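Same chain, two partners: subunit A is paired with subunit B first, then with subunit C.
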Partner chain A sequence: MSRRLFWLLPLALLPVPLLLNPYQQYVLNTALLYVPVGIGFNLVVGNLGLLAFSNVAYFGLGAYTSGVMMVQLGMPWWLTVIPAALVGGIGGAIASIPALRGVRLFYLAIMTLAFGELMRWTYIRWEALTGGSMGMAVPTATLFGWALDTDRRRFYAFLALVVLLVAITDRLLRSRFGRAFLAIKDNEIAAAAMGIPTDRYIVLAFAWGGAVVGVGGAMFAISVGHLTPVSFDLTELIRQFAIIMVGGLASLTGAIIGAVIVTVAPQVFISFPGFDELVFGLLIVLVILFLPRGLASLLARVHPAFVERYYRG
Partner chain B sequence: MRIGHAIIASIAMALAIPASADSTQGITDATIVIGNLGPFSGPSSVFTPLNYGPEAYLRYINEQGGVNGRKFTTVFADDSCNEAKGIAAAKKLIYEDKVFMIMSNPCSGVAMAIKPMLVQDGVPWIGASANPKISRPVSPSIFHTTYTGIESGRAMASFAMGKPGTTKIALAMHSDDWAHGYCDNATDYVKSHNGEIVATTALEHGATDGTAQALQIKASGAQAVMACLYQPELIVLLRELQKFQINVIVLGALGADFDQVVQAFPNHDYLNQRFFQPYQFKAKIGSGPLKKFHDIFVKYLTKDELPKVGEPTNFYYFGVPLAIVTVEAFRRAGPNPTRESWEKAVESLKDFDTGVLADTETFGPDKHVGVEKMYAVGLNAQGQETVYRSWGDALADSE
Partner chain C sequence: MQIGLISLLDGLVYGMLLFMLASGLTLILSMMGVLNFAHASVYMLGAYFAYELSRWVGFWPALIIAPLLCGAIGAAIEVWGLRRVHHNGHIAELLFTFGLVFIIGRAVQMAWGMLPMPYRVPASLDFPLFSLYGENFPAYRGFMLLISALMLLTIWLLLKKTRIGLIIQAALTHPSMVSALGHDVPSVFTIVFAGGSLLAGLAGVIAGNYLTTESSMADAMGPIVFVVVIFGGLGSLAGCFIASILMGMVQTFSVVMEWSFADMLRPLGISVSADDLLGEILTISISRIGPLVPYVLLIVILLFRPRGLMGTRET
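Presenting the complex of A and B:
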């Protein structure tokens, strides 16, 4: 089985909306929008190996950039996606500054966590732009004049974006950039000694990760239709962290699996109040204990096509 | 090519089929299916009595035979006060569980997020969220049977400023939509009645120390504090104010249970004639006309749905009018209710006494918030819980 067959998966998904009711479609859309969120997070934590927890900041930046441009400037959604990626990317580049100063491990985790909280504080305080803590209603999205006013319609836009982001990130990770990330992760000093400009690659990983997550934020804005700062709090960060932990660190397949599991699992237990938290916590513990490389590593055991080698040799 | 054509055709079909919910969904010959959406998990699960109160009343009505031969069936769904989760939960209720209507969501953010979907599909929502924008401007299927932030915020400010000479007000609040729902409206009232906001201080969720906030309030010279805080943080602030013996009156918002706050102070002399809350009910909790509802809660709720310790708190009572209005509207809608006839029936309610709230419910085509008038509750000079119409004007126990 060739890896190229993986690209048939999006094609197979095309008729799926015919089988789903609006609730199931919304859950599928939510899973889709969390794929780029997982990919971006994984780039820094998984591929680069840095403990940075500012993912929810890029997510919020992307969401609010898209929402504010639609509300304040009357722009169609599709025109806000690239600015959302840019702002997310800039956020990522800013969040990389402590890492460039040599901050690592828990210290980096705390500093980047603070960045996320600072952004949440900004959404609350910048009321004129964001609607403050009361939030802002995001108008119906359009794509080249075509209203994305149902979950079904949004699904196709989301699917196209996710395929694009997965393809670009896959190419990036298979290039010298990906190999540089791996070298930095394995031994940063050795990588620098071999002439790899580590600072440049760290900024790149943070910025691309931020941009990808920013697009996820733009998708979130139109999927939820109402943005409030509460959506970008620590609970959300834990959910996003769970995506890469459950799915698998440094794995694109893992980000996809993680996004699906973390989105769908709570829905299974939605009628059993509080039970989903229990199962969710248990799942994370079990995966960390028995599958430290996530559920994606199970697939890799099943077939070599699922093994992700972002290096030559 | 055939596969390509099939894929294109399937996409076209998927895009062409509209999603819709019919106006008698959830109604059978024997049952009416109600969705009960609330934060059954997460930090906001303290509000779940708002969901259990109406459920107790529906079980009580079921035992009386239901309405027009139909009994109520409730499907619970957890939103954790999270918008994305709330939308999923609401969609599940509507499109999978096929509920007639959604009841009782105390989370304003979730209510605002699901509102466009409810309005688009014409699904009735009746709730207790504080954000007044949920039902203002009027949407055909959205109703508030309890007080929003506008009524509660005004009640907080008007009670405090009813004390002669009180014009300097401080705000102590969370940085979230819930707190703004109260404090913004209290601020509007203060400013429009020649008062002054002399300090605004934030106390975030989970805060265990309020020293800085208490000292800021003291330095501002405030005579009263609008405390738009959840219960744990309200207790923190009151403790700090007590520690520094700061002489201000404190008006809590409806995110705290008055009795539980008072119980957190074994020696509550400091709270006497100092700590008050807007009061939604026509009598003291569990007494007078509210005794009937106390008995309903105790009889019809399970051990898990009742408080682990003590009697049902005011959140249980606050949720009940949702069910009372819902049931009355079904009675008025007749034997073949539709969503439209049920909504018309709610709009037909004038001066309808729920037996619970301080005010009667009055709705109309351009008025979807049923109540306005509120009382205040506090401890009198002897430390006895007292309900006030306004500053210094206490309700007699017999009322």
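Presenting the complex of A and C:
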């Protein structure tokens, strides 16, 4: 996405809450918090090309870090965002260990999936901190003493965070880091032969991806107000996969489009419980069959400003 | 001893069931490079089809028809789905099957609801086969062992003694060479995919009334089957067999163990109580971690022997 376009979008979103009812506002907030989740996931799966299925683990780590710090230490929400990012990033770095040992494709997918399941198991069992499978209530968030007690107020805080994360990730992808990720995706051996320290870049991509997703988790914690381990199961992984597949792998624009579509599309079928997962499944299958580069590729066809030529390989 | 023998037989039954699912998955994965996430969903479909059919035509015809239906579904997935996605690479194929998992899962829930189905063991097999130390061994489990042994024999004969088996074996390791020799590799793929789905369906038919037929049975079985396939190693049915039996035993025996990590640490002079920060996690007994044990084994084997137990290649 071109620079000017990127800054126009959040500006255009500023007056939107005035038009929405509280429920629509909640849906929009959810779409917004899934943008960093999609971006972090896309960084590893799309840009780096490694099949890591542990995204939900970082998401949960971020959410629980934020929630536990607010409940146990009585910290205000804004102070827990950076720890959530740190813990998510550490989770990412841990998840990259099998990748560094040369584990690839399905092997990596299964091992990282196991990491996510292990984390979920930990939330269930570590009742003292997480409240077990009953979950924990998250207190009202504050931002510099200003209570984020309505969805409209949270919207502006979320928007600011998302803009920041997208901008930094965009810079990262346009820099030598992004080019290194692309080289590793295309041919890891050739990349190493050219002097790119592949291991270092793999850890970096996982850690930065984990950190961005962790912030998304911190946003999720205050948006839903109640954390349960069920929120971090396989269904959640599918939702996050749908985001990056529908939007388009290795595309920042794609992660944004995907987050919006995957959040809004099930709302159409809100009166049919269980239909949402069917929608994710259908979206994934149809997009893979008919639009393998995602909806972002459709947008790129409409206008060259949407072509992400620096990092989309 | 009493628990030991019955558990051993139960572990064997469960292991053979795992093998029935994992053998098809291994063949698909080794030949086509597709880790078919939807494999366990086909297994679930098998159980539901068998339940529905057994209401109308009885268990024995269902035992034949339901797997055939599953095989047809497998062939359809291969021909109209995977083949088109193939040129977009492994990630797209993997996610395609991932999407199918959700479509099948939700479709089943919509058609049959969330509650377990009253799919029962047929009356003709509902009697104790023999007793060991006062505990009965149901005839149906013996029947499951028989069916899976027959299946094992059939696969072995098919792969080792027939022409198509030879071609499949060759395509397992050198698909492009087999294609260059004039064999129609895409239809071999379809046959293997359909055959694998048929076996998964058969597993569903005989496991649906042994375990429970419910909409979460695919999620319960799927991860363990992947662990078996990767543990056994790519391109090796023998490895897959050993891994299946091993996982069956591990799953069955871990349920009856009552140790915890804290108990294991005690001889080392470290004592942990449930009140400590990590204590709550460390004092949980093995029987409650049971479901995690296969993952632990998987991580161990991937760290020390990335190609799996008897795998012939890395990817």
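What to note about this one:
In this section, the second predicted complex is superposed on the first by the 298 of 313 C-alpha atoms of A that agree within 3 Å, B and C clash if a C-alpha of one lies under 4 Å from a C-alpha of the other, contacts with A are read in each partner's own complex, and residues count from 1 in each chain.
By our rule, contacts are C-beta pairs under 8 Å (C-beta built on N, C-alpha and C of every residue); 3 or more make two chains touch, one makes a residue touch a chain.
None of these values were measured; they are calculated from a predicted model.
Of the two partner chains placed by superposition, only subunit B is touched by A:Pro17; subunit C is not.
Contacts of A:Gly145 after superposition on the shared chain: neither subunit B nor subunit C is touched. By the touch criterion defined above, A:Phe280 reaches subunit C but does not reach subunit B. Contacts of A:Ser271 after superposition: subunit B is touched, whereas subunit C is not reached.
By the touch criterion defined above, A:Arg101 reaches subunit C but does not reach subunit B. In the superposition on chain A, A:Leu113 makes contact with subunit C only, not with subunit B.
Of the two partner chains, subunit B is the only one touched by A:Tyr156; subunit C is not. By the document's definition of touching, of the two partners only subunit C reaches A:Thr122; subunit B does not. Of the two partner chains, subunit C is the only one touched by A:Leu234; subunit B is not.
The residues of subunit A shared by its contacts with subunit B and with subunit C are 121, 274, 277. Contact residues of subunit C toward subunit A in the complex are 29, 35, 81, 84-85, 88, 90-92, 94-96, 98-103, 105-107, 109-110, 219, 223, 226-227, 230, 277, 280-281, 284, 292, 295, 298-299, 302-303, 306, 315.
By the touch criterion given at the top, residues 6-7, 10-11, 13-15, 17-19, 40-42, 45, 48, 75-78, 81-85, 87-89, 91-92, 94-96, 109, 112-113, 116, 131, 133, 175-177, 179-181 of subunit B touch subunit A in their complex. By the touch criterion stated above, subunit A contacts subunit C in their complex at residues 45, 49, 51, 98, 101-107, 109-111, 113-114, 117-118, 121-122, 125-128, 234, 238, 241-242, 245, 249, 274-275, 277-278, 280-285, 288-289, 292. The part of subunit A that touches subunit B in the complex is made up of residues 11, 14-15, 17-18, 21-24, 26-27, 30, 121, 124, 132-135, 137, 150-153, 156, 220, 223-226, 228-231, 235, 266-267, 270-271, 273-274, 276-277.
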